[in-house]
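All remarks here apply to the structure that follows.
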């Protein structure tokens, strides 16, 4: 598991706008024995865990058990998908490889959300409008949860764990500032639709909202694609000052492609089981859909980032740790979210960019505290505590959410 | 046109709180042939263009044609007015000259808005309350548009255009931070009245709103005047480290004064035509008044800043470029706006500081992204793209505005 | 009075998260003659002033006179309480001493608020629900006023006064950033309950609000206590680079303890008189309760910080000045406020964390301008003017508050 997380960490940090992780990759490859053991488990663990939720569901187990089993099974699958992407991108060359890494970076979250939206669309078509709306709310809440979870929980735990071992840790201000700027762009993109919803509450609904969401999503994707051009092409030296010698791929192209396709299909399958159990779980535990999405599903979808970022912090590689957490947030905000908006419209049950006020405010507050903390390029355990406290306070808000 | 824009650029950057432009002025005067040609056109262009909208209106042309012709005619006039101000301030000595430059800096916007407010007052007096309110909304929207347009569109285009030619460009953090702080002051001044309006919506209106607007406007003007003392007197060396030798004036005092008065009168005349056609244009194009003000009129009123700032960025003088854009925003916010509030009250059709929620939020978001981007004193093409995307997203919001 | 304020200044800056003041203490102790005179007055002034409001009340003087006399009497008492704390903490060793200093740092504000909450609880028990609610509003408003007053008024006056004498003054960015981060944490803690209140306005009230306030207050106190561990234990060298030789205590332990207990009791007594007169004063002067709390009571409660911070700025010790103002704000926000929430619930008249929208917005705007100004570690007179203008604009808002 250990070096598995490391690999995943390097994949994440390798994404989009910064990739200082190859240097780490090389180090971790200096540990061959651990590698091989981990290598075996990387395949065995998913194979062992994936059937459980599916069987539990077939035999009519309670939703809570199905949900828990699916939540556990998705984590090693996500790890495997990350490894296959890493291997494939080594063979694809830096340009396409970087693109591949970036696109697959939050594949788990994307697949879970797409499955949920598909289910919502078929529920809506079958006349179960309330259930369909509930699922769309869960998807929105899980987007919120991924954004704030990475910024507050993942980064907070990393700073705390790293800070317990190292008095002061440093990271690159330049990379962090770009991510903060992109999160501010995402906030702009969420605030405008919110104003539409707030200014037209009541019976007359907001007829312009889907249009506004569509245009803004398109603009976000333009920003995302140009961001890839910026970080992978025109300014790659700025974010990646070390000249990398090519990494030798460990897997054949066909193996990598096969594992990638296989794990993606399995993630979809497990996601299907997971999403199918959401309704039952919220009812059983007496949780609101928003708490379910913001806290529970977001933690499952980002488990890989959690372990990788914390590991990096412990090893005093705070640059990687901050990179994993912030880039993951940014990708959810400016790539996954607009893709989901466009996909949901194609599916016939639109997800608009107008989130709950609670969600939008939580995102704004998370980015505000990140912006203040990221300014000096230094972290310590107490900064981690502060991020975790903000997460806890927001969590209290969502728990009692009316 | 080229050196005209340059001159205008130096005038702008010379304003209020920073004046690093004399050094550029001297350079551009090293190009005498271009100067003379441009010199001729500077007079010929306005003389040729100004009569067109007036004649079109007399002969009953459609509002759209009148509006377009007036919009085009105002641009070279604004340039001429800037030149005359520059010449006059050379003869007035640094203190009065700086004051003159600062005061005339956004004269075009100020004159257009004053003409519109005067028209609104006479419409209101004649019983056309809806039309009067509509014009006041257009004025508010054009204030919003000037503030966000300079920060997002002008600065974004400058960073993009400059960044295409130069990988990384730098500017003075110190000057930029002062402007950001003044924009935060302006936000405080707009948020308080907004709260009054929001907390008293419904039949009972907000009787305290004009009073609150009056007091806050007075406080903003105090801040503006003390800002001039700060940047032109007590700390002028901080913002203007180079000791300037006096520039030799090119025009006689009487010529400069005559051109200034003449061009100001003509701007007023053209503005009158422009404002008279606003109602017809919004109806013809099916645009809302708020979109008209925020986007169209703001672009016309700030055309000079646009060309000057982009030119400076292309020439790798990012300090000037950032200065032109941010100082122009600040002047609109802490000088033009309170002057308009006070003038409107004297005219009898009060413009309060309570803007539309959409407008206020757009200003806050613009300042937030500026604050994040201005922190490191570096720009690149992608930062320009991000500013433009924020402008586009806000534009989508105003286009579909309910 | 002079060196009294100095002492108080060192006590304040010695609190919680930063204590660079001992060095000043030593200097001020190099002025023995002034010390002795001040020493006498330190005891004589409270003894002379405390009986006045109590006697005025007994003889049925108008509320305004009682209130003014109590407001004046509390200031030298607060100073004496600070001195006794300082002396006691010298004998207690750095750990307990730091804790003592931090806890007693805003004792005056805390005592006044506790007395007011106790009175509100007994009013509510006696059926005077409106009066009880009014007093709770005054307490909330005085919390708001202490936070924004320290950030805007105290710091603004310090920068202005210091800036008149010294062209540019500098302070430690690192310490200021920690305070800004803690203020952002406090904002998060206030925004969440606000959303509950806003989303459930109307008849159905917010049943979850006391629970939410309770949990968030507990989290704030966790943050506060860990902050003490951080600044007094694990990272004390970061905030306190100079190795202090132990200060020789001037008072015996018993004298210090006796003065501390005596002055605390007297502050309670005077606070009782002050609070009892609040209702009458608001009625007499025609002020709203919110203006009373935000401006008048906040200024009385923070008089010691005012004089100390301004004195430090004048002596070009801007580090101390910024420390006094920001730490005092932070302590009110993350220590006094949650303690009051918990105490009010024990007393039976709950104070929730859901403030007036005006108050919350004022706090957010104050922290925003502080964050922008604190970034460069430099101050000048104009930055002071800007903070004072923000204070004045917010003051206009509260004066006309509907």
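Residue numbering begins at 1 within each chain, and the chains themselves are lettered A, B and C in the order written.
Criterion: a contact is a pair of C-beta atoms (placed from the backbone, for glycine too) under 8 Å apart; a residue touches a chain by one contact, two chains touch by 3 or more.
Quick caveat: nothing in here was measured; it's all calculated off a predicted structure.
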Interface sides of subunit A and subunit B: same vs different residues, half threshold: different
Angle of rotation relating subunit B to subunit C [CA atoms, steps of 5 degrees]: 120
Gap in Å, rounded to a whole number, between the CA centres of subunit B and subunit A: 42
Sequence positions of subunit B contacting 2 or more other chains: 375
Sites on subunit B touched by subunit C in the complex: 173-174, 177, 180-182, 184-185, 187-189, 191-192, 195-196, 199-200, 206, 208, 211-212, 215-216, 219-220, 222-223, 226-227, 230, 234-235, 238, 371, 375
For the subunit C and subunit B complex, residues of the former touching the latter: 167-168, 357-358, 361, 365, 368-369, 372-373, 375-376, 380-383, 385-386, 389-390, 392-394, 396-397, 400, 402
